[in-house]
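Each structure below is given as structure tokens.
In what comes next, subunit A is part of two complexes: it sits with subunit B in the first one and with subunit C in the second one.
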Partner chain A sequence: MAEKIVEELKPFFEPKAVAIIGATNKKGKVGNVIFENFKRNKENGVFKGNLYPVNPKLDEIEDYRVYHSVKELPDDTDLAVIAIPAPFVPQTMRDIAEKGIKAVIIITGGFGELGEEGKKLEREIYEIAKAHGIRVIGPNCVGVYVPDTGVDTVFLPDEKMDRPKSGAIAFVSQSGAFAAAMLDWAAMEGIGIGKMVSYGNKIDVDDADLMEYFVHDDEINVVTFYIEGVKDGRKFIESARKITRVKPVVALKSGRTEYGARAASSHTGSLAGQDVIYDAVFKQTGIIRAEDFEHMFDLAKAFASLKHKLPRGDRIGIITDGGGAGVMASDAVAKFGLKMAEPSEETVKFLREKFPPHAVIGNPTDVVGDTDAERYRLALEAFTKDPNVDAILVIVLFQVPLLEDEKAIEILADYQRRSDKPIVAVAMGGRKTDRYAKMLDEKGVPVYPTPERGVRALAGLVRYAQYLKKE
Partner chain B sequence: MAEKIVEELKPFFEPKAVAIIGATNKKGKVGNVIFENFKRNKENGVFKGNLYPVNPKLDEIEDYRVYHSVKELPDDTDLAVIAIPAPFVPQTMRDIAEKGIKAVIIITGGFGELGEEGKKLEREIYEIAKAHGIRVIGPNCVGVYVPDTGVDTVFLPDEKMDRPKSGAIAFVSQSGAFAAAMLDWAAMEGIGIGKMVSYGNKIDVDDADLMEYFVHDDEINVVTFYIEGVKDGRKFIESARKITRVKPVVALKSGRTEYGARAASSHTGSLAGQDVIYDAVFKQTGIIRAEDFEHMFDLAKAFASLKHKLPRGDRIGIITDGGGAGVMASDAVAKFGLKMAEPSEETVKFLREKFPPHAVIGNPTDVVGDTDAERYRLALEAFTKDPNVDAILVIVLFQVPLLEDEKAIEILADYQRRSDKPIVAVAMGGRKTDRYAKMLDEKGVPVYPTPERGVRALAGLVRYAQYLKKE
Partner chain C sequence: MKEEALKVVESVLDEGRTAMVEYEAKQVLKAYGLPVPNEKLAKTLDEALQYAEEIGYPVAMKLMSPQILHKSDARVVMLNIKTPEELRQKWKEIHENARRYRPDAEILGVLIAPMLRPGREVIIGVTEDPQFGHAIMFGLGGIFVEVLKDVTFRIIPITERDARKMITEIKGYPILAGARGEEPADIDAIVEMLLKVSELVDDLDAYIKEMDLNPVFAYEKGKGAVVVDARIILKKVPENRKPEVSAEYRERCA
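Now for the complex of A and B:
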């Protein structure tokens, strides 16, 4: 079973040869943007497969030979991307079946989302796929983005949307526009996305299939989902149970309220279902539910870096150079159901010896506004060794005048490497803080822009660790 | 009374002449950074008052004559900024009293926050001030920042912290480090701050005084507070009632939980008090409570642009080009206690005539992924005229391929100007979106990075409008 799903879905992520059905030289057209994506990635040496444009009316696009039909395609073709009008898709599927291609992404819209006529077309396509063992992503979707292999069916040109770098996060989205906005946003934030799948009307490949696949995908540390509705509940639960045992899953399920459910039904035709049921399923299967997309990626960022050193308990130690931020973080610890650690006598004694009298020793430990990087080191030394502390939130307001910024960053990264306790940072501020935050992120210290969001991310780590313990 | 508070506090914001007591030429020292701030602003023509450094050991700092004592100061001095060690402050206060200066910012720390000894010093200073009608901001504070008049006692040098542009938001913070971080952040976000006051241990000028003052300050549309504790509840309530009748106040009160209250007490010695009491006071006085600093500035941004056209009711109309984002916004409408508007028959008819069949007409109205700017115009035309719609949330995912971005921005700004209904935008994405969001903000359309935060800001407008109606 495990090998089967990997074998089936692998061509979507690492095809030997991709056919772009509906490739064209008309700039801006979907079939052109997707062809250009692959071509560019091939020229860059990222996409290592073959690239076959298909269009009955063209002989050549930018030095690439164009195939006039699916039948003509070379035999190594293992992925077809379809970007032709909906009415032509069933016949193309038949050709694909005959050719023996087993993986198809149908970008084309105008199916089930438009009503009964479209639903009929979808069923026709599905029957063909089913009969020939073809796996289908879509229709009405943005498809797949894998920065490491150069697969990129996102039909929004570069000038409309930036592409994120590679990383340990998988992102699956029912909504194509949302997927595009998130990729664009992740690029700006410096968040690495290992694989993105946007499946649109999901007539075949669904959340459960993807979870099964990601169980075996070592590049991925955490899987995030934007879902409006799940069709096959039992299959979803089974796959969820399997994957959460080996890696965390974060789900943003919209349509929680009556208003949202109504909107979801006119968007993807999803039955949003009783929200309490989703809540129960997520809890039961260890999926962590996100409140909104910031929460989803806040959690994803934490898991991407810290999946391998989850906290042993829920007692949080806070180090700060701003008292107010420490108060806010303490409030958040209570709000998100965590505990404030009680520092051990050793910690208090150690810091009392080393710290000036106006620093506040305790939890939070406030290294105060005239801090240097060394005080952060001392506090981290004490907290990482303290048996009463399970996880550490470090707030760095880089505005304080005497802090050697880059030294502080090195110290945080160093303790993140050396200690088995997860360290999460909070940095509030402007452009400089932004730059430093990216440096910290890259060195494995996830950083958040507010104390609340930092603590909420820690709470996600704690919840997942608790789930694994119970299992 | 009104004139009295304005007269008393005006020198803090528009001094005729400021004395920097403890000015020095040692780079990076507090007394140097503050002097340099005023000097730079004077050279730029922003600070129009006189600048008098005071230091017994110096004759000149960078071409400025240095006064050896307060007594020597010219008679036009109406603001003294004190940056000398705590033990010397009482005598300096006596000299200031004798000189007749009536406004003092004490930057110096080492007072009440360090214990009984410091509290004694504070009381001594307060007695002198009281006896001579001197108003004091501080001690242990960052002081005042007013971009329009060039007052800037923020002792963090430029390379540590950016300064925000001017705008209609007043920001008052009990915490100095938090104030600095927020100014830095506001600068990056393009949020305009008209006046910032950070009062530290607030032995004299407090939240209530500042609210009284801002009642009469026409430059300010909305007042934001970060508070850990209020000392004089009755005075606070009185001032709050007065100001909320003419402009909105947003408060972030930390120390909500037991953990937070404990941290607050070791930070500013504040008795955070029973949180339910604060909640009740805020509700009673029409102050809108923020959950965190993002929420605070999200609200401030909305009020800064839309204070003069508050929604008449709580029925929200949503326009989107991404179905998923529309679902999330609909959920948020329910979550924040608002109502989804039911579009009128005229609206539905009008849009049905103009829109292609695959667009979704209703609420949300989904102009869908192949939208151009014109569809946004049509939807706005219908919604602004619809008597069933009180406020409009417009979600623009700028990633969609056919949207003429700048035209869409113009259309939103145009309807914001022409319609009496508040329009709030949501734009999710990366660098390009960021740039467009700033353009929209500048044109009076507040923009938020998630549907939730956009709807939450609308909810703030609705709540405040409801409060004013009841009053």
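Now for the complex of A and C:
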């Protein structure tokens, strides 16, 4: 039997039929953008469910029949998206309850974040939902984005915000603006997001519910959270402990400083706890705390491709074609509390036989500026077999003249597939390098623009592996 | 364990107070097996003399009053008292100081305590977070906690692994591990204390708001640790409790 939480939240991610309450043909309106998102995805064959716009004043929007009320909706409707002004939401919720729809996303703002009057409305909605077993995401949110099923309630139009491809990362954000910006950025970076949820004022579905759901979601390898405040701390801890045993969770908690904390509590009407307490919670539940959004997605990217082959220890082997970058990486190894691997005698002997005398054998192993792809292959061959090496950082400065770029990429991808040791790449450079970096990423080798960020990502893998071992 | 501690908690609440004096706090800690010095609360000078004899000179005296929680500010701590004569004199002095500091101070008695051998000072604290509940804090005492804020937190209840990690993750850990050729401190004893505080607060979470064990002296490995001073703040007195001033104590100590 499927878990209760999976059954309850599934309609948010794979609805059979979605009702857009407040759908309109007025361009740029929230109800229009969301309708257009679903319509576009339906035409592309991604969204396979039915699409029902609801608006009492319209009969038709772009060839779609418009329903005048929730009561008229066909019985297969299992998800309602609400984009109408706040004062009308409670009555709509009552209609939804009567209709028997059990999943609702309330996009509308103007609730708890605006003070007492809004809080009263919120309370009313909450009570209707509780009484009828309706799960609610929101209000005051951008809702859900699932590229694989075509669910997209993000009311920022396609021409203003790119949508990322699908991937093994789940991204949960309290803030809608941050969520939208991150989706746009992830699209540019080529980072795959399997599911995005932005819950805004979270009167019902919260971080803990989503963690419980993602435990059972095989499409997702790593869950990232942008958190401003947690409401039910004990429930959060319990769910966090459950999920971190199965997959890594990376959290970015804002309000680290006193100043930031004040800003957070006036943002979504939620209380931001003390920062030291969050530190404690994250440590005790195995959640990895990100310093900033870059760190969060650096880790997410590493986990998305390497969750199934975490390092056995903390000894890092570095392969580079530039001495300076190798030194930077070595510094970062120390900074993030990892160890430099000591290559075995076999590794040294093997490389000495194969390498030209001016290449530097050791750790880092420097294949030097006149390298070809083959030297990378030899170094990877040696390091992946070396019992003293737990994880490998490969720095490729694609600018060097003799390096066959695509061949080098193939070699890295090949060893990533064959070896049980995680390989992380660093590609420093500009526009041309960026193209190679994307190719590496797509082939399952997470790549970072600086040695420091590459090592920091490896440190995340090591820490999570250590956490799992202790549990 | 819980019953004994609750008795102390209830009696404080019955008096309409939420701040426990050191003696009461230590009774609660003692009920959970935390190491507290062999101290006694003297309500009269005769009792004080008798207890000092039992404990053995030199002794320390600390005046207990719900209105005086910062004892050193009020100068109601007297250390290193070597003879009965000195004790008589300080008994007078300590009461005068208390009255000067807070004329309305209700005096519960004077704690007669042995002079303790100094150890490495650590602090164990408890606070309550509105979202996550009670959290336990650990750090080194003195400037480490006040200036450098070198402390770490965990949500209660904690495991032994949490306790060990707390101790090793503070920046000042080398001081406990034995920097500069010192013998290492009794880490196991501190772990034990953290676990007991966690258990205590987990049991009494409906009553306890905040707690400070400050300082705790940690001795060399194998020699244990001891709570030197302690404070417990209880949650608001429930509506159904009426404060009854303990007139008895006040009369006897006047």
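One rule holds for everything that comes next: the second predicted complex is superposed on the first by the 469 of 471 C-alpha atoms of A that agree within 3 Å, B and C clash if a C-alpha of one lies under 4 Å from a C-alpha of the other, contacts with A are read in each partner's own complex, and residues count from 1 in each chain.
Definition applied: a residue touches a chain if its C-beta (ideal position, glycine included) is under 8 Å from a C-beta of that chain, and two chains touch if they have at least 3 such contacts.
Small disclaimer: the values here were computed from a predicted structure and weren't measured.
**Student:** Clash or fit: how do subunit B and subunit C relate after the overlay on subunit A?
**Tutor:** Aligned on subunit A, subunit C fits beside subunit B.
**Student:** Is A:276 in contact with subunit B, with subunit C, with both, or with neither (first, second, both, neither)?
**Tutor:** second
**Student:** Touch check for A:77: first (subunit B), second (subunit C), both, or neither?
**Tutor:** Neither partner.
**Student:** So, does A:284 touch the first partner subunit B, the second partner subunit C, both, or neither?
**Tutor:** In the superposed model, A:284 contacts subunit C only, not subunit B.
**Student:** Using C-alpha centres in the superposed arrangement, which angle lies between subunit B and subunit C as seen from subunit A, in steps of 10 degrees?
**Tutor:** Rounded to the nearest ten degrees, it is 90.
**Student:** Figure out whether A:234 sits in contact with subunit B (first) or subunit C (second), or with both, or with neither.
**Tutor:** A:234: touches subunit C, not subunit B.
**Student:** State whether A:177 touches subunit B only (first), subunit C only (second), both chains, or neither.
**Tutor:** Once the two structures are laid over each other on A, A:177 reaches subunit B alone.
**Student:** On the superposed three-chain arrangement, identify whether subunit B or subunit C touches more subunit A residues.
**Tutor:** Of subunit B and subunit C, more residues of subunit A lie in contact with B.
**Student:** Quick one: classify A:347 as touching subunit B (first), subunit C (second), both or neither.
**Tutor:** It touches nothing on subunit B or subunit C.
**Student:** In the superposition on the shared chain, how near does any CA atom of subunit B get to one of subunit C? Answer in angstrom.
**Tutor:** 15
**Student:** Can you name the residues of subunit A that touch subunit C in the complex?
**Tutor:** 229-234, 236-237, 271, 273-274, 276-277, 279-281, 283-284, 470
**Student:** Give the list of subunit C residues in touch with subunit A in this complex.
**Tutor:** 129-133, 135, 151-155, 158, 161-162, 165
**Student:** Under the touch definition given earlier, write down the residues of subunit B that touch subunit A in their complex.
**Tutor:** For subunit B paired with subunit A, touching residues are 28, 33, 109-110, 113-114, 155-157, 160-162, 173-178, 180-182, 184-188, 226, 228, 254-260, 262-264, 266-268, 291-294, 321-331, 333-335, 340, 357-358, 360, 362, 364, 366, 369, 397-401, 428-434, 449-452.
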